[in-house]
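Quick heads-up: structures coming right below.
There are two complexes below, and they share chain A, which is joined by chain B in the first and by chain C in the second.
After this line comes the complex of A and B, so read on.
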């Protein structure tokens, strides 16, 4: 029972990070219909910004906020300067450009920061070995609790943004029909740039939390979380923000349970396999995911 | 601009000149160049084969795949295991690897029947990431030797080929690997050409351009997609076998076995020209040249390069590749081959034969 509770709790906490990243993928997909392959790498480079601000002496919370601002600027900038222009030419071009960004950001981070030993990344939350409470016998680390609260809080804010504000309405209009949205006077360009910006800012926050958990920064920081996030977005349905969150939590719990209860077969080394097999199975049997809508194409 | 007729003597002269030039370069490389340079060309040939296989699926059929590194790895591991554990002669492992990869490729194509675009990209992404993880898995260590990989996979004695004669030592191995890679490159090119120019190839392009319309026209989507994935996987496995035989080593983190390999194949195909037969060839040569040139850029460089990249200890090679990819997407969406074709028509235009005539006609 304690073990089960422990796995579920750890899973929910990690899952909320995946959910945050997956939500970024979904926001971009709903806006422009693209999979941003570089989402993880953008988050990684923003985490380096965060680290840099902190290294310059700013308090960590301020650094993370600045990192998120940098992420917003980066995401919106990428959409305006690259994605929008390539999308006019070809759909596959956007995928190629996002692969190019994946390579570019990864290399750039290595060139700027990578020649030092792995950077020490402080955690946003108390992370000393004895910073935990025991609830029903399971260890609930403050850091994990903090991650979960912050992630859920941000996601709550986002849903308020989508559902209650004029900007959210504009985003939904652009997602459902860009041309009609433009005709009724919605500045679609601004909305799309902002979608990319918001996605990258969320990435920056999840990067700061992943970095804090890992304790160090490398240019490979966000690759694995990105895979988990893709799996979450796939499972939840690429056009469903709520689905992405639920699926992120499910995958987090699922991988913890699988790794915990089958240490011989799955264990730590094949944890990622759980996410990968999820992608494969979901797309084979229910390509629209659990909560996504099926696309109907007219001939 | 000059106009010449298809099949006219001038056209034949131009063609002969082209073929002679290519033949000269192909013979020049292994006979006149240094061993390391020969190795670079062999490496380029391996990558060209892989990019050609990807081109079948992505360039011609429009099915995004970033899972080809797994097929490459399957080829490499099949060869290594058969040679080291079962004492196979390296030559036969090509057939075994291709057959195995064909089956795996067909299986992976199954989700592709229902999904496309980014969803397919995701499935293949999962395949690319899963492969090295599985290879390192401790339950499979008896087969794959886990993270340390399999080494000294090689010909015990190089086979003696006509014309080449007996080859010995390190240099001989390099020359042999070069010719082996070249032969497989030609085979792969011919397979791709044969497929693309056939009825099957037209159905591939039809699927790429409009899947629904293709189905309505009588293209069997299921069979076509599964087959093209299988063939593509088999060809990519050949590249994997070749690479393993050339370097003698395969590890789960090997250069082209991880997701990065898939990205490299994609990059070569896009830079050269997706959906063209010559695209991967041009792209592969350019990639290897660019990679080898830019790898040395860094703090020791002077001039413009030193100014641009001298501030970092790490090589900017990957960054430059990423930039090159973006620039190509903007400047030449049809790749270098598309660009060359566009420039070439400003020099020479080959006027095609009017339909229904067999004799060349003069002028227009």
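After this line comes the complex of A and C, so read on.
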């Protein structure tokens, strides 16, 4: 029982990071219909920005916020300068560009920060060995609790933005029917750039939290979380923000349970397999995901 | 006074030119109908006016040249389009569709939502339903209401009768006529259904393969034998 509780708790905490990243994928996908393969690598490079701001002497919280701002600028910049131009010519081209960005950002990080020993990344939350509380026997580390609260808080804010603001309405309108969105006077270009910016800023925050957990920073930082996030977005449905969050949490818990209860044949090494198998099974049996829409419209 | 004045309009898609340079006017308070068969360039004309596609020639609205303006600035100047096939935001609620229609406005818009719900009571009943679940006629009403939410001075309607039962179509045209008579709203309407169009129109343009081949008052065109034969079937 204690063990189960422990796995569920750890899973929810890690899952909230996957959810955050997956939400970024969904925001971009709903806006432009593209899967941004570079989402994880953009998050990674933003985490290096965060680290750099911190290394220059800024408080960590300020550095993370600046990293998110940098992420917004990077995301919006990529959409305006690359994605938009390529999408005009060919949709498949966008796919290639996002793969190219994946490799590009990875190499760029290696070029700028790579030839040092791995940078130490401090955590946003208390992470000494004795920073935990025991609840029903399970160890709840402050860092895990902090991650969960921050991630859920940001996602809550984002849902408020979608549902309650004029800009959120514009985002939903563009996702629903870009042509009509232009006809009612919504500057769709601004909306799309902002969607990419928001996604990258969320990535920057998840990167800072993943980095804090790992304690060090390498260009491989976001590789694994991104695969879990892709699995979450696939499971939840690529056009469903709520689905991405729920699926992120599910996958986090599922991964912990699988690794914990089957240490012999899944264990730490094959955890990633859980994500890949999830993607495979979902695509095979329910390609639109648990909460995604298979578009229905009466004419 | 001419509200919309188009001179030598040419437009198309990529290398394919669809409109070959014609003139068209809409005066303040008029209902003008563009009549034409499939492929004549009616929808292209609408899209060119709204700034959705590249175009050549001069388009002047209310004294301002909008030939190279972006769609959102054209909406801001007071032109709203009801696109062909309604183009509602299918997965947004009816009410959100209306609010999106008022995107360019900064003032209080909720009173306007209620006002158009008075004109289209069925939309009020369905205000929190997703637009995609409405019937074709209801979606067309929503598309018109959404366009009106921007408080346009010129309403562009692209074949509102498409796919609707005759009775619903009649109801819609009644509403358009009333908006024109009571609010002074100028309307540019594209239609294939000539009988219907001639009943509401003040003036008519006949479009064939990207050129205006004939124009005049609705009465003049209805009296023209060759037009009767080609478009009215009698």
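By our rule, the second predicted complex is superposed on the first by the 294 of 299 C-alpha atoms of A that agree within 3 Å, B and C clash if a C-alpha of one lies under 4 Å from a C-alpha of the other, contacts with A are read in each partner's own complex, and residues count from 1 in each chain.
One rule holds for everything that comes next: a residue touches a chain if its C-beta (ideal position, glycine included) is under 8 Å from a C-beta of that chain, and two chains touch if they have at least 3 such contacts.
Given the structure is predicted, the values throughout are model-derived calculations rather than measurements.
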For A:168, decide between first (touching chain B), second (touching chain C), both and neither.
neither
A:234 in the overlay: touching chain B, chain C, both, or neither? Say first, second, both or neither.
first
Is A:293 touching the first partner chain B, the second partner chain C, both, or neither of them?
second
Look at A:91 in the shared chain and tell me whether it touches chain B only, chain C only, both, or neither; answer first, second, both or neither.
first
Would you check which partner chain A:34 touches, where first means chain B only, second means chain C only, and both and neither mean what they say?
first
Winner by number of chain A residues touched, once chain B and chain C are compared:
B
Touching partner for A:182 - first (chain B), second (chain C), both, neither
second
Across the two complexes, find the residues of chain A that touch chain B and also touch chain C.
297, 299
Hey, which residues of chain B end up touching chain A in the complex?
58, 62, 64, 66, 110-111, 114-115, 117-119, 121-123, 125-127, 129-130, 133-134, 136-139, 212-213, 216, 263, 266-267, 270, 274, 309, 312-314, 316-319, 321-323, 325-326, 329-330, 333
Touching residues (chain side chain C, partner chain A) in the complex:
50, 52, 70-72, 75-76, 80-81, 83, 85, 87-92, 96, 99-101, 103-104, 132-136, 139, 146-147, 149-150, 163
Chain A to chain C touching residues, read off their complex
166, 169-170, 172-173, 176-177, 179-187, 293, 295-299
Contact residues on chain A for chain B in the complex?
29, 34-35, 37, 82, 85-86, 89-93, 95-97, 99-104, 106-108, 110-112, 114-115, 227, 230-231, 234, 238, 265, 269-270, 272-273, 275-277, 279-280, 283-284, 287, 297, 299
